[in-house]
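Structure provided below as structure tokens; questions to follow.
Every chain is named by a letter (A, B, C and D) in the order it is written, and numbering of its residues begins at 1.
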Amino acid sequence: MTPSVLAGLTGAALVGLGLYGLILHPHPLRKLLAFNLIGSGVFLVFGIVARRGAAAGFRFDPVPQAMVITGIVVAFAASAIAVALILRLAAESSHVTLDPEVWSKPNGGDTQ
Amino acid sequence: MSLRPFLDVILASLVLGVAIFTITARDLFAAVVGYVAYGLLLAFVWIRLYAPDVALTEAAVGSGVTGVLLITAGKRLGALKDVAPDRQPGLALKLLTGVLAALVASALGAVILMLPDPPPSLAPEAAAAADGPGAGLGNPITAVLMSYRSFDTMLEKIVLILAVVGVWSVGADKAWGDAPAPLRQQKAYAPMVFLAQMLAPVGALIAIHVFWTGANAPGGAFQGGALLAAMWMLTMMARLAQPPRVDAQWLRLALVAGPAVFLISGLAGGVVAGSFFAYPQALAKPIILFIEAFMVLSIAVALPMLVAGPPSERQDQ
Amino acid sequence: MITLLDLFSIAAIGVGTFFFFAGTVGLLRFPDSLTRLHALSKADNVGLGLVALGLIPRADSALSALKLIVIWALVMLSGAATSQLIGRALRRGRK
Amino acid sequence: MAGLATTTPGGYLLVLAILLPVVGMIASFVLGGRNAERVALGSTPFGLALACAIALDVGRTGKPIIYAVGGLPPPLGIALRADGISAVMLVAAAVIVAAAAFYAREKFATPDGVGESRGSLTFWIMLQAIWAALNIIFVGGDLFNLYVALELLTFAAVPLVCIDGRAETIAAALRYLLFALFGSISYLLGVALFYGAHGTLDISLLAQRVQPSPVVWTAAALMTCGLLAKTALFPLHLWLPPAHANAPAAASAVLSGLVVKGSFFLTLRLWFYVLPALATDKAAIVLGCLGSAAIIAGSIIALRQARLKLLIAYSTVAQIGYLFLVFPLAAGAQTWSAIGWSAGVMQILAHAFAKAAMFFSAGLLAEALGHDQIAKLGGAARVLPLTLLTIALGGLSLMGLPPSGGFSAKWLMLQASVASGQWLWTLPILAGGLLAAGYIYRILAPALSDDRISSASPPKRSREAIALALAAIAIVLGFAPQTFFDFLEIGRPVVGQP
């Protein structure tokens, strides 16, 4: 098994692992960690695609690698927004949860 | 080199092991620390995939800056009043989710093994274009990011600005205009100050070096900017510097400098080079380096601002 | 054909690796966190220094050799600082 | 196929349509304060003019407009393409964004002598960012470029949800963000597999190269799954009602009317443009079934809501369901598939305008009455006759009564189901109309009653007029001539003829 195939399979496993955490963990910060695991798994799939595309004197296809760099930046930006929301939620309320039931309590005649 | 496959398997199992720890750890903070270690290990996987540019980015951003972000978040969450325990999912749901996740992972794994042979690749096109639109750039990834797919790269910088506004928008109304809370609440600790004083200037030099060589060797605007950002965060953690006010004009100009210069050159390309986001053949390399210099600045400012969080009312301790 | 420089490299890297190994054994075997930290930070700094020293004759240019020295210096700096920070965190945790 | 990748004469318009809101966003951020609002309002007429110019150019030449960014054609470069449906969506987005901007002045204007405020700066920047992202989505020709646009759309939409800062809205925003992030990453995984299988991400190049294979199927499934989460198709709709109901009215209108259409538009692109050869019955039927379930479930839950804005938000869940009937009704190259295609686009447009008008009106009602409880709307029609007229007109289109865009959409869908022999789809279409009549009646009945109600502050006429104008567009769409439907066919790939 070549290193790139191994990395691709690792990526696949990471996607599954992250999906498990994303669905099951009730805490949003844990969900965010799980999302980041999925993200890195997806980037590894780009990585194997890039490595397989070695040709014309390149040891890799530069296009997917460039996409991974863009993707890492975007994923970080997403994490930053999520962290800001989580911290504000924790500061505003006693429960850091996304459980819709907690938030669907009748809240009087408040408007937008 | 019969040792290499063996090392690869060890590396892959380490990555997976730490990932499993991150998902299953009981303690929130332990999971966060696990994730940071995971990011560093991942950088090695990228080296093994002949992707030093990605490895640099992963180490600097995926592990480094994200690590600071998450650890700060974990600490701030821990410092808040104790949070009501959430309902844990039942065993049936766990099993069901486990089966679903395993199915997805194995389907994906199978599909990866089925990717076509010979693999399609744009490497030949990129090599051919290196004499044209990517003129003079020895690093094909920089050529892709700054020339062939420059539109993506410009938009990604816009995403960063938008994320900064998004993070700021979560703050309180009263605090608008103020600075974000310091990265470190307590008094600075002497070794930290020493580290910041020694490392920051050297790190800044290395950052500029990484950016500059990025035209021909692994590195580039993003990696250089991220390193510079890390140095700024280090000085903020040592409390040698404070986060700036969000309404500071210089801050906003620095944040938009990269995308704005990119946009202006892109529009100028429409007049001078016959197509938006095209560069005149002879000047391609200097123009790209010029744009990248401003991008380094914007990234170096944007990442710490994303970590620092929304403006907060002053509460000095 | 093994030259004197090659021998020097092999020796330095070998001894360096031994220090790493010793540090790791200390990390695993020592009784509490402070002593583990002690073993790790000391042994690893020496180990890395020797490995870097062993690699210098094999560098293809003076600049690469310089980079190796800078890497060692940077790791020493950050290692020393983080050891201090971890140590302080441990002391606080005990109180 | 050089024709697919070379810049056409009007191509530069596409770049300008994308860059105008981007530049506006940057300028708003740097200038800050009151200038953010000025820039946003000032750029809307130019954006509308650009969108109309693109539509005219597409209509005049009868062919898609293409621009190869950087002069470098795909596969290495990125292409932008505007066909009939892109042009129509560009115009619709420009109209609704402009309406939202002028409607929002009341709430987000910065008066003289007042410094910059958090809510206002966020709103004006995010509105322009949404506009930019949508324009890229409508004309983007590269799957990865579209991924960046999707993320731009998410990052712009999420902060609008929690702009008022209550814990409840922050939880809604966070849930929205997590769903959207899952959607993007799933989409991105599909993109990776497409590249791995075919070495390009350009939509028209992929359409030529794609062969049915496990890799392509997996990629399509992953991308569709991600886009469905972002479009809030039942059962992935959980995030939508709290998010759309908690945003300020101007933002709700854009989120419900346009933002969910962005990811739906990409689903259309994926199945009809990238994979026309693959769009088999099975996948189409699965999507159609999910759509039908959304129509029924969304409408029934809407019937049970106590808050006006939540009712309208659940109505969005139901109306999104109709969109997904396009997949079984427009697949293939039969004579009826053109009818199904027209129906789908008409539903996008009619719902966008009607829903924006409804959210604007709900906002006006809430401001005038101080609440948005449906039970306490008694006699509101006396106080706010224009606003209630707007709700009634928008409701007409949602129910699918003639004459209205909603009627045309549903009528064409019925025609396509009958013509294609897929009788079963008529059931959810008709049931959805009846249920919509039920929830619209729930708003109008108390409002038109004889009760006396006092209004604290009657809204400005101009804001009522903006809402009414959008509702009127939803109605006028019902009179669209045949040339409009011919326009929608421009550039639509038909299986069997490349």
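Operating definition for what follows: contacts are C-beta pairs under 8 Å (C-beta built on N, C-alpha and C of every residue); 3 or more make two chains touch, one makes a residue touch a chain.
This one's a predicted model, so the numbers in the text were calculated from it and none came from an experiment.
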Shared chain contacts [subunit B and subunit D, defined touch]: A
Between A-D and A-B, the pair joined by more C-beta contacts: A-B
Subunit A-subunit B separation of Cα centroids, rounded to whole Å: 13
Subunit A-subunit C separation of Cα centroids, rounded to whole Å: 34
Interchain centroid distance [CA atoms averaged], subunit C/subunit D, Å: 58
Centre-to-centre distance between subunit D and subunit A (centres being mean Cα positions), rounded to whole Å: 25
Subunit D, residues touching no fewer than two other chains: 76, 144, 148, 151, 155, 158-159, 162, 165, 170, 189, 193, 195-196, 199
Multi-chain contact sites of subunit A, meaning residues that touch two or more partners: 15, 32, 45, 48-49, 52-53, 63, 67, 70, 74, 77-78, 81, 85-86, 88, 97
Of all residues in subunit C, the ones touching two or more other chains: none
Listing of all chain pairs that touch each other, if any do: A-B, A-D, B-C, B-D
Touch list for subunit D against partner subunit B, complex: 7, 12, 15, 19, 22-23, 25-26, 29-30, 32, 67-72, 75-78, 115-119, 121-122, 125-126, 129, 132, 136, 144-145, 148-149, 151-152, 155-156, 158-159, 162-163, 165, 170, 189, 193, 195-200, 213-215, 218
Subunit B-touching residues of subunit A, taken from the complex the two chains share: 1, 3-21, 23-27, 29-30, 32-34, 36-37, 40, 43-45, 47-63, 65-70, 72-81, 83-88, 90-91, 94-97, 99
Complex interface listing, subunit B residues touching subunit D: 107-108, 110-112, 114-116, 119-122, 125-126, 129, 133, 147-152, 155-156, 158-159, 161-163, 165-166, 168-173, 176-177, 247, 249, 252-253, 255-256, 259-260, 263, 266-267, 269-270, 273-278
Parts of subunit B lying in touch with subunit A, wherever the complex brings them together: 4-5, 8-9, 12, 15-16, 19-20, 22-23, 28, 31-32, 35, 38-39, 42, 45-46, 48-51, 53-54, 57-58, 61-62, 65-66, 69-70, 73-74, 76-77, 80-81, 83-84, 86-89, 93-94, 97-98, 100-102, 104-106, 108-109, 112-113, 115, 119-124, 126-128, 140-141, 143-145, 148-149, 152-153, 156, 159-160, 162-163, 166-167, 170-171, 222, 303, 306-307, 309-310
Footprint of subunit C on subunit B - complex, ascending: 189, 191-192, 194-195, 198-199, 202
